[in-house]
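One chain, chain A, links the two complexes that follow: it is found with chain B in the first and with chain C in the second.
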Partner chain A sequence: MKANENTSLKQHMGMKAKTRISNTVIYIILVIMSIIWLFPFVSIVLQSFRGGPVKGMTNEIIPSIWSLENYVALAKTDFFRWYLNTLIMALVVSVLQTVIVLCMSYTLSRFRFKMRKGLMRFMLILGMFPGMLTMIILYRVLKDLGLTQANAVPGLILVYVASSGMGYYVSKGFFDTIPKSLDEAARIDGATRAQVLTKIILPLAKPIVIYTILTSFMAPWGDFVFARYISFGASKGMNVAVGLFNWLSKDQINSSYTMFCAGGVIVAIPVTIIFMCLQKYYVEGVTGGAVKG
Partner chain B sequence: MANVKLTNVVKVYDGNVVAVHDFNLDIKDKEFVVFVGPSGCGKSTTLRMIAGLEEISGGTVEIDGEVVNDLQPKDRDIAMVFQNYALYPHMSVYDNIAFSLRLKKMPEDEVYERVTRAADILGITEYLMRKPRALSGGQRQRVAIGRAMVRDSKVFLMDEPLSNLDAKLRNQMRAEIILLRQKLNTTFVYVTHDQTEAMTLGDRIVIMKDGYIQQVGTPTEVFDMPKNLFVAEFIGAPKMNIMETRLFRENGKWFVSPFGVKVPVEGEKGEALTKERVGEQDILLGIRPEHITLSFQGGAGLIPCSLEVNEMMGSELHLHVTTEDGSRLIVRVPTLGLSNEERKALRQGAKLFLGFESKALHFFSKETENNLLVKE
Partner chain C sequence: MLQPLFVRNLRKKHFASCFWIGGTMNHISDLEYLKLPKWRRALIKIAQFFISIPKAFLNLFVKIGRFFKKMGLAVGREIKDIILTFKNGDWKTRISYVIMGFGNITRGQILRGLLFLLFEGVFLFFMFKPTGGLYWMSMLPSLGKEGPGKAYDPIFDTYVTTYNDNSFQILLYGVLTIFFIIAFIVTWRMNVKQNKLAQQILDSGKPLKSGKDDLRSMVDDNFHKTLLALPLTGIIVFTVMPIVFMILVAFTNYDGTHDGYSNALFTWVGLENFNTMLGIGGSGSKVYAATFGEILLWTLVWAFFATFTNYFLGMLVAMMINKKGIQFKKGWRTILVMTIAIPQFISLLYVSKMFAQNGMVNQFLQSIGVLKGLDYIPFLEEATHARISVILINIWIGIPYLMLIATGILMNIPQDLYESAKIDGASGWKQYTKITLPYMLFITAPYLLTSFTSNMNNFNVIYLLTGGGPTNAAASTAAGSAGFTDLLITWLFKITTGAESQYYFASVIGILVFIVVAAISLIVYNLLPSVKNEEDFQ
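Let's look at the complex of A and B:
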């Protein structure tokens, strides 16, 4: 009996030591990975506070002169114009796109109509083509409408919102998990379809609503290709990504690199705040699904 | 507080699957009608057509004299209780019950009054502030009933409301539904697959199979005078014993000969056979397990058999017996009617004799499976 206990104890100790070693190895790998991953971000923040006459790239990681002059200098440029453009686009798009996506998802989840499956398949295939393919024709159309260059903001909103119905997959999948009998009970209780959606389905699908708002806010906030193309060099119509990128061009990088870093930090602030507040829901929205009836 | 009339109602799914055939029924004001049948018989579909949750493929549904075929569920003034409760998980019990009233823009005072009154009747006052997930199955079902109750609607629909409850709770809730019905005094349409629920709750029972109505009648009617073999076997537990035999006349008297034993058909049933001008023929003879008399001694007209299984149910015994030709029958015997010696004698292999009383016999045509004594 005693001997048995001893061996099992030894085995136990052996296991413990093994776990400790493997944990140590895992943590070392994770630490190295996070240093590599975080380095660009940290360095941008540090560079944004670098003062002194040299405005281009240097070899120093930690600035020798700390100052806020880069942030002050931003005010003298078009930066806040771009910032405002981006904010307007992101806000308008997130509202419109969320409404469209949620209505679309609810329709496809709850209504049965002819060609429903066909429509879903069609959109799935359409979604497989890269959006870039439409760039030339889109530019042409928007130019005819007068919505390019300085007027790029409404034009871009149109572009971002136009295809939003196709982003129904995730929320439709979530709606499908909500029992249909809830809809039926509500309809018998006197609710219209719209009331069913707003009073029953959406409160139950809160994570997915937030996920939809976030993703539709992020798309215009970080877009570069379309924004650059539609604004076509007109500073008035640029978003932050396009505007800031110009400061990295060959003739400007030596005079504006630190300002670029300061702009980058300001751009990251609202997104970081939103994510921190809504992180809980975001994770639920992506991974969760079950609704208890 | 209204009658419901279904005329030639048909439900066709996807253009070819017919779920309900030519359904005709007139549900009177304040009547409690139960649709009963095995799964897939179209009972829920019919209920959902009354509710407006399924489109009506043909025929008309009238509520209170108004054709409601094209009305949305919300405009039909009906209340419904679902099998899976369908409570709104994000709302408290109070909000769940108040939901329909608030949609009607009823003043909060009146909402409060109605909700608390309903909660009081159902005994769920202390749970009003809880979320549905913090309730047991029985409590959830009460909330669901409460939600339907507060609306004072014309018709009260219930779709297998007790199926998700355990046996004990089901019996309790069944009694409560009877009480509730007396309090509400409105028209009820109730769907179930459980014949006990149908028998105990319904003023009238509609027995369905494969989308067709098999019989409509009071519990007594469907029990005593089943229109066909299906109804006979569906109503009553354990189910009716059925045996093939011949119905014939000798010297003006009717006889059947189950398992080669000549059993006279006398009294009412015999007279009825004569009156309905039934001919001699091969039939399916039915007798309910509780109507078979048991004896330990043989005699004229008694069927010898041996006991296979003796199920002790408490107040009664279910005896599974085998006749000489190997057919199996079930006999229900009340335990009170047996002496201790007799109970001991009921062991496997015991020789028993079964008596078929004439008034308990049911005669079904072998061809059509219809009851020979029930005319359309």
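Let's look at the complex of A and C:
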């Protein structure tokens, strides 16, 4: 009896030691990962405070001269114009895109009409074309409308919003999980379809509404392709991504590298704060989207 | 969720065994299959995969055939119905065949009738105005007859350039006119149908719907049409029509020197661009075919590694953080999620500068003396280095997403599965391969497919990190001067924004990307064990 207990105790101890070792290994891996993941961000903040005559890349990780001059210098460039452009686009796009995506996904989730399956299949096929393909003609058409270069902001908003109905998958997946019996009960009580949507579904759909607003708000900050092509060299119509990208081009990097870092920090801070606050909803959306395809 | 996968595997007929693996020509039974050693089961699985590819294609063609048959029958039915409606219709219905909405108005449905009439008016005006639909349609086969020329200006005594036809506009408005005609035919058909219905309703003695009823149904029975109107208009105008236009461009010689208006007209060239790109036909150099082949191969290799490294490493990280006894779970996750929050152009551009020739990483390696005489490691400057680097840096970008997704799914795996596995003495690795992995793969199979195809079109990572470079000397004579890390999509972008802007090549690449993506999706969808039934989720 005693011997048996002893061995099981030993086994238990052995298990414990094993767990401790594996946990330690995991902690070490996680710490190393955290360093790798955070290093670029810490480093960009440090670089943004680097003063002195050298504005290009150097080998110092921690700046020897600290100053705010890079942030001050931003005011003399078009940076805040780009910032305003991007902010306007992000705000307008997040509202309009959310409305459109919700219309689309709610309809495809809740209604059973004749063309529904065909419509979904059609959009699936449509989505297989690279979006960049349409850039050439959209540019020409927007140019004829006078919505390119310096006036690129309304043009870009149009482009972002118009085809946003294609991205209905995630929120359709969410609507699919709301029981249909709710709709039917309300319909029996005499509510119209529109009332069902506004009075019953929307309050329940808060997480997905926030998710859609969040993702569509973040998109214009990172869009590079369309923004670059449609603003086409006109500084007044650029967004932050295009403007800052140019500062890292071969002929400008030696004079603007630290300014790029400062600009990057100013762009990243509000977006990151908003994202971190609404992280919960983002995670819900992403996980739900992956599971339901 | 595990159960169905297992059962489905059991039910499958292992027809693959009929050749070299099994040795016999008979299908083996499920029991026999389970008795086979592991490697033979794996071989059977692989053989099954390859055998089912032609089958999948065959299925596709059968489906396409059926689709056309169905379409043909439907059109026949419609035409028959139109003729019958005319034969059986009263005079109001018959006049409606020419004047749309006439029947509606005379029967008291003023609102509907006026809308029909208005649409017909707009359509006829557009078609018959001087440079209207008819003009565009008539110019479409040639894309313009007279290009820009010189004309003598007697007032200033010089030659000035005169602009005549505009190929771009002709193609654009031509496409628009075709869409408009289709819309008109559909509306006209609707108008005929409405007359038939109205007649039937009146014959049976019931009242027709009034305009007020129509408006009410817009927020009720027909609410879906109201909701879809705006999104679908946007998609048709800004996605469908541009794609149709760009597909047509692939068959023209539209580029920087043939811009269709101020330099020279462009015109139809048939399949010439496809032949050049794919190296079909004897004439012309093979440089495009070679470049295209190389880039396509790299795109597929990239998509494969980018998808699966992220997938497995992300899952691993999620499992590490989820492990019992690990503290600060939320903290670790937050650190990783930072990469998603910060706009990619900032993080990727900064990382690309870190790995540059004179960047931080090289300087650091230099200072600790690892380089041993080398000046720098060409992380992004040499073909193989650059290809490995972009895949590694993409892991940095991708792990957080997968970590989030995997965390959500892992938490849903019933814990009793693990407990019973533990009691049976299964090791951690066994538990992983027998429970965690099958569960994850089953649930995320559709996600893996979409992530593969979106990685094929992952513009940001490649363009911001390397800009497609380093330059591929062998491909330098091809348009867009493709580099070693260029994907098809970045090549397309380079051609479009390049000095000569061969839009037709960009368009050809776009179409080929579509074909590749569609083919992969079709094959995988047909092979997936979980052909999803969307109603299951409701």
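Note that in this section the second predicted complex is superposed on the first by the 283 of 293 C-alpha atoms of A that agree within 3 Å, B and C clash if a C-alpha of one lies under 4 Å from a C-alpha of the other, contacts with A are read in each partner's own complex, and residues count from 1 in each chain.
Basically, a residue touches a chain if its C-beta (ideal position, glycine included) is under 8 Å from a C-beta of that chain, and two chains touch if they have at least 3 such contacts.
Keep in mind it's a predicted model, so treat the numbers as computed, not measured.
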Chain B versus chain C as contact partner of A:T272, first or second or both or neither: second
Touched partner set for A:I200, first chain B, second chain C, both or neither: first
Partner chain(s) touched by A:A185 [first = chain B, second = chain C, both, neither]: first
Chain B versus chain C, judged by how many residues of chain A each one touches: C
A:Y229 touches, of chain B and chain C: first, second, both or neither? second
Which of chain B and chain C A:A75 touches, first, second, both or neither: neither
Footprint overlap on chain A, where chain B in one structure and chain C in the other make contact: 179, 192, 195, 291-293
Touching residues (chain side chain A, partner chain B) in the complex: 179, 181-182, 184-192, 195, 199-200, 203-204, 291-293
Chain C-touching residues of chain A, taken from the complex the two chains share: 19, 22-23, 26-27, 29-30, 33-34, 36-38, 40-41, 43-44, 57, 59, 61, 100-101, 103-104, 106-107, 110-111, 113, 123, 125-126, 128-130, 132-138, 140-141, 158-159, 161-166, 173, 176-177, 179-180, 192-195, 197, 218, 221-222, 224-225, 229, 240-241, 244-245, 248, 253, 257, 260-261, 264, 267-268, 271-272, 275-276, 279, 282-283, 286-293
Residue ranges of chain C in contact with chain A within the complex: 168, 172, 216, 219-221, 223-224, 226-228, 230-232, 234-235, 237-240, 242-243, 245-246, 249, 317, 320-321, 323, 325-326, 332, 334-347, 349-351, 353-354, 356, 358-360, 363-364, 367, 396, 401, 404-405, 407-409, 443-444, 446-447, 450, 453, 457, 459-460, 463-464, 488-489, 492-493, 496-497, 503, 506-507, 510, 513-514, 517-518, 521, 532, 534, 537-538
Complex contact set, residues of chain B against chain A: 51-53, 72-74, 78-80, 82, 84-90, 99-100, 103-104, 133, 147, 151
